[in-house]
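The letters A, B, C, D and E name the chains in turn, as written, and every chain counts its residues from 1.
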Amino acid sequence: MDMYYVQGILILAGINLLTVLGLSLLTGFTGLFSFGHAGFMAIGAYMTTMMTVKLGLPFIPALLVGGLSAALISLIIGKFTLNLKGDYFCIATLGFGEAIRLILDNIQYFGGSRGWAGIPLYTTFWNVMIIDVVAIIVMVFIINSRHGRNMKAIREEELASQIVGIDVFRYKMTSLGISALYAGVAGGMLAHYLGYLQPLMFQMVKSTELTIIVIFGGLGSITGSVIGAILLTALPEILRDFYQWRLVIYGLAVIAIMISRPRGLMGGKELNFKFIKKLFNKEKEVNI
Amino acid sequence: MLQIKNLNVYYGGIHALRGVSIDVKEGDVVSIIGSNGAGKSTLLNCISGIVKPKEGEILYKGQPLAKAPHKIVESGICQVPEGRIIFANLTVKENLYMGAFLRKDKDKIEEDLKGIFKLFPRLDERINQVAGTLSGGEQQMLAMGRGIMSNPNLVLLDEPSLGLAPLFIKTIFEIVEEIQNMGKTILLVEQNAYKALSVANKAYILEQGVVTLEGNAKDLLKDERIQEAYLGKKH
Amino acid sequence: MIGFIQQMINGLSIGSVYALMAVGYSLVYSIMNFSNFAHGGVIMIGSYIGFFCISLLNFSFPVAFLTAALGSGLLAVVLEKVAYNPLRKRNAPFLYFIISAMGASIFLENIVVATIGPTFRTYPPVFSATPIQIGGLTIGRLDVLMFVISAISLSILVYIIEKTKIGLAIRATSYSSKGSTLMGVNVDKVIFTIFLLGGILAGIAGVLFGMKYTVYPQIGAITMKSFIAAVFGGLGSLQGAVIGSILLGIIETLTSGYISSQYRDLIAFALLIAVLIIRPTGIMGKSNEDKA
Amino acid sequence: MSEMLTLKNVTKKFGGLTAVGGVDFSIKKGEIFGLIGPNGAGKTTIFNLITGIYGLTEGDVLFEGKSISGLKPFQIANTGITRTFQNIRLFKNLTTYENVLIACHKSASYGLLDSVFRTRKFKNEEKLLAKKAEDLMELMGLTQHKNMLASNLPYGLQRRLEIARALALNPKLILLDEPAAGMNPEETLRLMELIREIRDKLDVTVLVIEHHMDLIMGVCDRIFVLNFGLPLAQGSPKEIQDDKNVIEAYLGKEDE
Amino acid sequence: GCSSQPSAGGDAAESDTIKIGWIGSLTGDQAVWGTCEFDTLKMVVEDANAAGGILGKQIEVIGYDTRGDATEAVNAVKRLTSQDKVVAILGPNASGQAISISGVLEQMKVANIATVATNPKVTVNDDGSVKPYNFRVCFIDPYQGAVAAGYAADKLSFTKAAILYDVTSDYSQGLTEFFEKTFTEKGGTIVAKEGFKAGDVDFRAQLSKIKEAQPEVIFMPYYYKEVALSANQARELGITSVLMGGDGWPSDQLIEMASDAIEGSFVVNHLDFNDPDVKPFQEQYKAKYNKNLELNGYLVHDAFKLFEQAVKDANSTDSDAIAKALSTAKVEGITGNINISPETHNPEGKEAAIIKITGGNYEFQEKYAAE
């Protein structure tokens, strides 16, 4: 295995992981199912690129702008749709994702469907890894706080959550916002990894893939998301030599994991939680 | 009628029933009493085929019980489950018809329906209401009615008085007796130990998955241990 | 005016295409409470079965139609056994079903690409392609057929679900499979029936589709539209699925015709959201607001 | 002002059905107040109206003198009213401990950023929350089931967990909907003691629906009787027990 | 450690096979074209090997699927260049993928010859500078759009045109843009411009609207599946306008799917299918794969020829040397003479073939170049 190639896959896995972490918060911990996360990635990607290419902002601030724009849009969408239940919300997000793509297809300033070429290649293995580590830590910290627990409560039982004084709507908004922020940043990184943007990249299939990763890894498990992101990004690569058969195998693998481990790979549990915790304690000592 | 031998049930690591053996004679009311988590519901669910025991044997009319839950119902065993499990999306009437799902005798079904409405006039008043919006007690009545509609030989009642008004609890136990008079056999799980023992012929005390006491219900009613543990100070 | 009427006809015919798919999809939803994303894959397979029956095996059209319907029905049942049944036995949450369905959908599409190949295939002409002309308006023959078939299958299904005993069992099972087991319902059989019916509908849709739009591995993707339509109409309600489909068809054509074809889906989506804001469970959806 | 909760002409109609019609009562601070009535009388509906799950058709609900009608359920919870459910609604796939811990959340005030940066405030308050949850489990006798999933608890314990969860909010008023359902007489006795303890030690006013007369008559200071959605009687346990209407509609004659 | 130092080219020179890569869609909705392209390449390479290979070395093709996805294309190219150590890459069959891989190509110093990637940005940067490792053998969108518009206005004397296009396709949008520009410059009017979305199968709403605008010609710049459906539906609605399309059209499948509806239509193509020089190639493919050759097959053939020429010119199998040689390579392909311009890396001066569909055949009309 050539490191250059492996690194490429890891970068992509890292970018996927970022979105998946956000999606995991939304789906795994808050119980909302989104088919529109590719849309948030798209917003992040285009906004970040606009910042770096048109306004000359450095990469990291640009990523933040991209992420925040995605979050902002998500809050607007959420305002209208978060009262919807289950599949209704899911369809609303699906429609949103497709709508974003349609708009981008028609905006010639961003190159329309012909795409936006010549984006500087700022994304590197190391900045992806660092951002991922920070993102994981932040996510674990959120989940292991009263805010994270409140989200879990909403996932379990909305009415009961209300009765214990949880502002369900606000927490759903928070969860959506954070997950869109993650997706937006991931989008920005993807743009600066490929050097090219095209609305086509953010098809519904992309959203589907992300959701599959979350559930494959196990709802409500960050470790699961990490493993899922790496495994499912790598799987098609490992199967590269099989041409047309690789997606057949991919499909089978998804079914197989669902029926053999119906709670996903990690089944809602965290692998070596203690280890991670220890890691965090060290982090804290450095921080404070 | 029903013979249970050395039943062992596990939920993952939890050993919920430990070698439970029970005998139910035809035409009897048999009560099972025990505190929360003793395994009463588990026992009924085993008979209904919803929970699969790890070990043990259940004989019904001398034959091993069918495996599939719907076959068990077909053989004449019906459970009125704890927590009611009515079909919240169906109307009261449809719920009752669901009770008669396996029956083919159309005319008799309509007749029985009238009988149910006589027992529970409230259900008649709510006949077209979606069952999910019934009050708790009304749902309990519906669950009972639905059970009776299946015209079983052996009725498994899991806490039928749960959530019922005092006046109505009386009615429920009257109904239990009435069902018995119809020649049916009843296995009754109840928290209201006093009532449960009053109507029963035989009773079992279940504690943490083990039968600790069994015997004639009237005798148990006088048993000091029972009075202390299950009947409260007075009754 | 003629233009407007023609657009309405277009909308109606597109709507009945959506409806044909939405009914089968909604049927499965109504009992399993999850979106069967493999439905499109089953439609696609049905389309191929019909095509090969006619072009390779020289079956007559009705026989081919029947074979496709049964073949798809069978496939749906097998899919249920393999991909959903194990989940059902473990009471897995609905998300897992959806993912399993997605896996199945990816599998079906790509197994066709890998074996039969990605090429487009054209059904041999079965009906006269010339549309019916009435005073400057055109109505496709196949469109009429689709409309009629959707209407018939809907009526039959509604009858089964609302008036028959098995229908009652289906509705009961959709709320609580434990409860209906306790009533002596063979839940496996109920679900088998549902998937068989859903699959047969998919097969019918597949053949009609293939005739209208040619056959290719991604043809199932249009089911996304019928999924949206079913939500429009209210999930789990068969009538809702049809009404939603027809509405979506008309909205789409009128938007294309009078507002903007480039932004058609955007406007349709905005309308969908507007409908859901006013009626959070779609047009016909019952708000199964359970009691506290 | 010792009036804690006041219902004024509270009315709820479902289509043509008047589930609750013109109910007036008020509960004083520190009281244990019983709400009884035949099945379908509208008791749970009143709870749903107080906690904002249903909207009022007519009338008003005052809490500590202020109207709370029109507020969202979580807002009402935050003014200090909480409840348990007749059809148990726990966070099923979470453990006993998590169920209680979640409900404690209002005892902490750290924000999202505090949790991200693990500030001192976060750590102190988290410790506090954990302690509180442990105490509540201890009080309700749930400690040994700490790590069990709520859905796997036996019925009776699920009821107790619901009460623990409600208490975690530090409510001023707690509404219990048939807390003794599924408990045997012995357990019911313990529950009675517990209800008194809640009132005395935690300074919580209690409104309780029950069909176990031993409990109602044993712990309630005052009782309100509802029949077909309409007020039937109100008074001390003694008065209620002797009320002819109540006996006829609800209690039935003592048979022993 | 994880050194990410590119390590391509180098040792490939010593081995006695030449590895070339191919990427494109073997799955997804573009699979028809990708599959044909890959198959053709394998066939062409077999022939070349049978004829002694290049510089006496045998050629080996390694192809990967991209699902039509830009991200996948990047992965595939990383693998081809770093692990498989190919000396050049042919394909892909869409611009998005060709553009996104240029970063990797430059890092690894491996050239890519795109087949039907017609977006101008494939070979040049925004500032007009040429990308050192990107080449192509097809003409570009602006050219094709301009040819179609020019021919419609000048040769066919149409003044009212309508356009139906795929909003979500870069190819379709590109052609539309330049058709519209040229056509209006030549004094024509676009009386209707309607869009649809990839995956759509029903175009009657848009067509009904187009019908009311009464155009003389309808430009349909998209791939033949949609062309067949939309042409059929147009005729169904009683539209009699002449239809016109680009290189997404030519295919035997189109004739099969919409023979009557497209009768009398004009197509801008890369070559004349009925050219006697082309026939043996078509037949060879048909005999080998029992399928009809798609347009991609011709172009990948030419891409390979161009590669072969460059290796000979460079007299080396070093990837960088090949890339240098490519920027001035000249070769006679089946789609015409290919003279790569060092400024643009496009085949300059490549004339388009205008084809008219008559009696279910692609009848060559004339070579036509936009000014």
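Criterion: a contact is a pair of C-beta atoms (placed from the backbone, for glycine too) under 8 Å apart; a residue touches a chain by one contact, two chains touch by 3 or more.
Please read these numbers as outputs of a predicted model, since none were measured by experiment.
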{"item": "Touch-network distance, chain A to chain B, counted in steps", "value": "2"}
{"item": "Most widely separated chain from chain C, with each centre as the mean of CA atoms", "value": "D"}
{"item": "From chain A, the most remote chain by mean C-alpha position", "value": "B"}
{"item": "More contacts between chains, B-C or A-D", "value": "A-D"}
{"item": "Between chain C and chain D, centroid-to-centroid distance (C-alpha), Å", "value": "47"}
{"item": "Chain D-chain E separation of Cα centroids, rounded to whole Å", "value": "72"}
{"item": "Centre-to-centre distance between chain E and chain A (centres being mean Cα positions), rounded to whole Å", "value": "34"}
{"item": "For chain D, residues contacting two or more additional chains", "value": "44, 51, 53, 85-87, 89"}
{"item": "Junction residues of chain A - those touching two or more other chains", "value": "102, 106, 159, 243-244, 247"}
{"item": "Junction residues of chain B - those touching two or more other chains", "value": "133-134"}
{"item": "Touching residues on chain E, where the partner in the complex is chain A", "value": "2-7, 26-27, 31, 63-65, 67-72, 74-76, 78-79, 81-83, 95-96, 99-100, 102-104, 108, 119, 121, 125-127, 167-170, 172-174, 197"}
{"item": "Of all residues in chain D, those that touch chain A in their complex", "value": "51, 53, 72-74, 77-78, 82-83, 85, 89-94, 98, 101-106, 108, 110, 112, 114-118, 122, 126, 129, 165-166, 168-169"}
{"item": "Chain B partner contacts - residues on chain D that touch it in the complex", "value": "14, 36-45, 86-87, 152-157, 178, 181-189, 211, 213-214, 249-252, 255-256"}
{"item": "Contacting residues of chain A [partner chain C, same complex]", "value": "27, 33, 80-81, 83-88, 90-92, 94-96, 98-99, 102-103, 106, 159, 204, 208, 211-212, 215-216, 219, 243-245, 247-248, 250-255, 258-260, 262-264"}
{"item": "Interfacial residue positions of chain A with respect to chain D in the complex", "value": "138, 141-142, 144-150, 152-153, 156-157, 159-168, 174, 268, 280, 284, 287"}
